[in-house]
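The structures come next, written out as structure tokens.
Shared between the two complexes below is chain A, which has chain B as its partner in the first and chain C in the second.
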Partner chain A sequence: MLSNIGNSILFISAFLSISIIYLANKNLKVSNNLIIKNIYQLSLIQSTLIIVCFFTLIAAFIVSDFSLVTVYQNSHSMKPVFYKIAGTWGNHEGSLLLWVIILTIFSFLFLIYNKDHPKKFRLLTLIIQNILILGFLFFILFNSNPFSSLSPTPSEGLGLNPILQDPALAIHPPLLYVGFVGSSIYFSAAIASLIVNYSEKSFSSSIKNWVLISWCFQTLGILVGSIWAYYELGWGGFWFWDPVENASLLPWFAMTALLHSLIVFEKRNLFYFWVIILCLITFILSVTGTFLVRSGILNSVHTFASDPTRGVYILLFLSLMIFSSIYLLFKKYKKENYNLNQNSKETFILINNWFMMFYLITVLLGTIYPIFTDALTDNKISVGPPFYNAIIFPIVVIFLIFMAVGPKVKWIKNKFEDIKVYFLILAGSIILNALILVFIKSYSILSNFIIISALFLIISSLKDGVSAIQKNKFDLARIISHTSFGFLVLFIGLNHIFSIERDYNIKVGETKNFENYSIKLEKLDLKDFPNYKAVIGTLEINNNFSNEKNILKPEIRIYDNPKTLTYEASIKTNLLKDYYLTMSNIDRSDYYNIKFQKKPLMIWIWISVVMIVAGGFLRLFKNAKYS
Partner chain B sequence: MLQKKVKKRVSLLVVLFSSSVIAIFFILQSLNSNILYFKSPTDIKNNQDINFKKKIRVGGMVKKNSLIINEQEIKFIITDFNNELKISFSGTVPNLFAEEKGVVAEGKLQDKSFFIADRILAKHDENYMPPELKDIMKKNVK
Partner chain C sequence: MRNTVKIIIFVIFFFVISVFYISLTRDVNYNTSSLINKEVPQFKIAYFDKNEFYTKQDLIKNNYTLINFWASWCGPCRVEHPVLMKLSAENNLDILGVNFKDKKELARKFLKDLGNPYNSLLKDVEGKQSVIFGIYGIPESVIINNKNTIIKKFVGPLSLDDYKEIKEMIK
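Coming up: the complex of A and B.
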């Protein structure tokens, strides 16, 4: 029954998209400046229907309707209700539906919130957005239909992979999708703007809030994914440079670049084509990321079951997008004025964009290089963290310095009046760094540079904040985000430098000593839970230096549906450090393999990212207030 | 005045272009020295010029009854059903590490039959097999 409802709604939605495209196209030829009511109504109905459709799928998951293939493959009647619901978007088909929901809602919101822009531009944006919606609806209907039914109905489902049964992973996809898919709306707007030659400054006001929204959610989505990886993958790191993570980072770089160059476009009416290019590549990269993840072309930790036919469809769609974008760009390209003063805010924002592109290209090359070598030379290779570390970290130093100086630079023509202040700040940063060196621990030259430049950014941003408060005219959003970024780099640096990591094979009752710590495996307990059994270890960690005692209880969980073994890390968090412990048993032996890690300042890394996003939201509220 | 403008534009373009070229060169250079090649035990046996200093990844099936564990390390043999390779590893093994399951190890070759791993790759799905390994299995198990 649910299958029929869902399928009908999907067909109706596709039909609505076609109607909207038809009506909008007809309305384009009418010369008055009003969009006919029908289009608004259809758009509203379309959004409502697709949400109903999604709720139908959620309902199917809640009542465990195993006549649906998707529910059968990804759910189980014994699963807690929360994870039944989260399971809706924890799989390929359901997540695509979520994808279409965001496309549709954004399309509707863009339509109603941009009344003061030219009609042609708005209608064309709507048409292009609906073409995207249609493309994904067809993909859902003919390839990845969440409402495909199964007969006879199985009595029990296969279950959701236990490592996906996690609160962080339940909210991770929706957050990330608002970012990923949210970028579609400025893709559509950029194409529309190219077609109707809408290149005035005011174009920026139609998209800037959408860019901000998608950027904020993308950042949050990446954060939540990375927190999940930290405690769930049992490896203690929060960033693997895994292709899936890279796929979420690529559009982020493009968005961040766009966020900044839009400021120039808005203020100075420069960089129009560059802004358009960034709009286009952000969404193209989002779709590319989806393609790489879903087609199984890359080896990754992600669990999306891969299927080559999906890859082919997305690839076709992607090439269509890329070719039409390039075609339009070449057709419409006009020479732009790039007469910038080297010492002006414009140039500094261009420098920001240069760095973003540099990071983007680095990560893109690192991610897709293995595909090419495999196809061309039959050599199977992988690009690991050393590549990214070698490239990204040295460059971060220069980037941070520019980031500290840039925002204070004036438009059009700048004069550095307070060079002395910068030297003072730099001296202060060097002294702070030296204090850490002397009193705690020495570290590599590169780490020194990173810490100093991060401190430099933090102090100069804070100083900006203070002097701006005195003048009562300041850009709090920017200051929060930039300072927090400085803190983020600082904390990542310190975390990296002061981490301790030890692996042992240990038996019950044994004690291991290292540095000023001792670890004892006291006992093992076996416990039954509703959907899994767990072996819980009790380990005592003693800091002989401060006499601090901690009990950590890592688990080995044995799930039944599907039959899987997972290791649950035990983490003790406080403001200064995390203790992180995972335990695994080894085939046919009474040794337990434990990994102990001390990760300093972990919680501050998360907080810094939250603050970066807070800056974004603040700017959004301000924009909303003044428009 | 005009000349000054042109000069500025040219210098901006030159800076942009040359810095991009240097950056790309830098990236490719680093890519070349940081890639990990994936080898099967047979590849290693047949290969004449192995660079023992460079990290590689090896993959195969953990051989039945080959797992030896002591306090320091975990030793096992991987096989691609034609050739074998001894592996020594100290560290945490992923969830699904077991005899007769596929495994990928990262580390350095000591000689053609002995490999010291510093990472055993994470896998999260019992049916999951690294694509590299799948190809090898396809070739050898018929």
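Coming up: the complex of A and C.
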């Protein structure tokens, strides 16, 4: 029943897409500046239907309708309702449906919110967006259909990977998809703008809010994924340079570059083609990321079952996108003459873009290099954190300094104010860093540079803030985002430098001492939960220096469906530090292996990212209010 | 000049997509089934305690070799350790332990606490050599005969059933 409803809606949506393309194409030839009503209506119906379709799938998950293959494979009647719902997008088929929802809704919203732009441009954007929608709908219908039915209906489902039963992970994909898929709308707009030669400044106002929205959600999605990895994967890190994590980072770099170069385009009508290229590669990178994850040619913690035909389809789609973009770009490209002054804001924003491109290329190479060596030389290699850390971190130092100075530089003029002030701030940063060195602990030269440059960015952004308040000329959004980015790098640096990690085998009643801490395993409890059993350890951690006592309760969980053992970290967070403890059993012995970590300022890393995003949203609200 | 740039860009993208396509049609890196009944590839893994290397040629000396990839930080490795201890009593089988991305002292302590089932102990600090055997997560084990053919690969901790199966294999 649900299967029929879902399938019918999918077919109708595909038909609607074709109709919209047809009508829009017909309407293109009419030479007034009005888009016919039918197109709005069809777009609205299309968005509504797709949402209904998604709710149908959610309903199937809630009532555990195992006649649907997707539900059977990814759900279980014993599972809590929240995770049944999250299961809808926790699998390949369902998440593709989420893709189409975002494509469709963005398409509709773009249509109704850009009424001041030329009709041809809007219609063409709509047509291209609908071609994308159609492509994904066909993919869903003929390859990855969430509504495929199964007969006879199994009595019980196969369950969901217990590691995926986590609130952070339930909201991680939707957030990330708004970012990933949201970039489709400015891909379509960029192509449309190339075709109709819509290269005026006003083009930027048609896309800038969409870039902001996708950037904010992409950042949040990356943050939530990283929080999940920290809590769930049990080794205390929050970024692993895993290929799939990288796949979400690649479009982020492109979006960040785009966000900044749009400012120049809007203000000075420069960089048009560069903006277009960034619009194109953002979405191309999003689809490339999807291809890498879903085709199974990369292996990572994101274990989606791999099916080569999926890969072929996405690859075909990707190639079409890439080659048509390149073709159009070559055809329309005109050499732009920049004539920038060395010390103007334009130059600094261009420098920001170079950095972003540098990071993008580094991460892209690291991610796809193993695929190349494997395919071309049969040589299997893995590119890990040492590569990224060695290349990215030293460059961050210079990047932060440009980031601190850039916003204060004037447009057009070759003038640089306040050099003295910057020297003072730099001196202040060096002194602060020296204080940390002297009073707490010494660290490597590179770490010194990173801490100093992060402090430099923070102080100069704050100083900007203060003087802006005085002059009442206030770019709060930028100041919040930039200051928070400085804090982010600072906290990551301090966290890295001051972490403590210890590994012990311990049995009940035993105490281990190290530095000024002691850890005691007080007791073990066995508890039954609805879909798993857990061995819960109670450990007391004493800081003998400050007499602070903490009880941590790491768990070993035994899930029923599928039968899996997972180790749950116990984490005590406060404003200064996290205690992070995992426990695993040692067969046929009373000993348990515990891994204790002290991670300073952890919570501030998350807060910094939230604040970076807050800056983005603030800018969005301002834009909305202004327009 | 502009045309050359265009052609180069086009070729680069074409190349990337072709490589993606080739990768799609190939066996997945860590698909264990592709390794079975194949000859062991060339490898060179350092000994844990001395400055020498264990290579493919050393394998021929044994009737059967079980290569076990483990680390002290790996919980399931502790679970399978008793099975390895039991296997170490088998005469027909040499057990080769590859200590995977681990710290030396911790690895030593692990073996001191739980016993050392290995005839030879090697280390793969960066995890690069293990990739040859398609090792992704540990513990994983590979069993090889004296013709250097991989007979079976075990992903995840060895169980008592695996123990019986291995015993049967090396009879």
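Note that in this section the second predicted complex is superposed on the first by the 621 of 627 C-alpha atoms of A that agree within 3 Å, B and C clash if a C-alpha of one lies under 4 Å from a C-alpha of the other, contacts with A are read in each partner's own complex, and residues count from 1 in each chain.
Here, a contact is a pair of C-beta atoms (placed from the backbone, for glycine too) under 8 Å apart; a residue touches a chain by one contact, two chains touch by 3 or more.
All values derive from a computational prediction rather than experimental measurement.
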Putting chain B and chain C on the same copy of chain A, do they fit or clash? clash
Touching A:291, do we find chain B (first), chain C (second), both, or neither? second
Between chain B and chain C, which one contacts more residues of chain A in the superposed model? B
First, second, both or neither for A:204, with chain B first and chain C second: neither
Name the contact category of A:130: first (chain B only), second (chain C only), both, or neither. neither
Could you say whether A:319 touches chain B, chain C, both of them, or neither, answering first, second, both or neither? second
Does chain B (first) or chain C (second) touch A:341, or do both, or does neither? first
In the superposed arrangement, which partner chain does A:27 touch: chain B (first), chain C (second), both, or neither? neither
After superposition on the shared chain, which partner residues are touched by A:391: those of chain B (first), chain C (second), both, or neither? first
Using the touch definition from the top, say if A:358 reaches chain B (first), chain C (second), both or neither. first
Touch check for A:372: first (chain B), second (chain C), both, or neither? second
Once the two structures are superposed, pull the chain A residues common to the chain B and chain C interfaces. 235, 296, 299, 380-382, 384, 503, 505, 565, 567, 584, 586-589, 591, 593, 595
Contact set on chain C toward chain A in their complex: 6, 9-10, 13, 16-17, 19-26, 28-30, 72-73, 75-76, 78-82, 106, 113-114, 126-128, 131-132, 134, 136
Can you list the residues on chain A that touch chain C in the complex? 235, 291, 295-297, 299, 306, 308, 311-312, 315, 318-319, 322-323, 326, 330, 368, 371-372, 374-376, 380-382, 384, 503, 505, 565, 567, 584-589, 591, 593, 595
Per the touch rule, the chain A residues reaching chain B in their complex are 161, 163, 233-235, 296, 299, 301, 303, 338-342, 347, 354, 358, 361-362, 365-366, 369-370, 373, 379-384, 386-387, 390-391, 503-506, 562-567, 582, 584, 586-589, 591, 593-595
For the complex, give me every residue of chain B touching chain A. 5, 8-9, 11-13, 16, 19-20, 23-24, 26-28, 30-31, 34-38, 57, 67, 69-74, 90-99, 106, 122, 124-126, 128, 130-132, 135
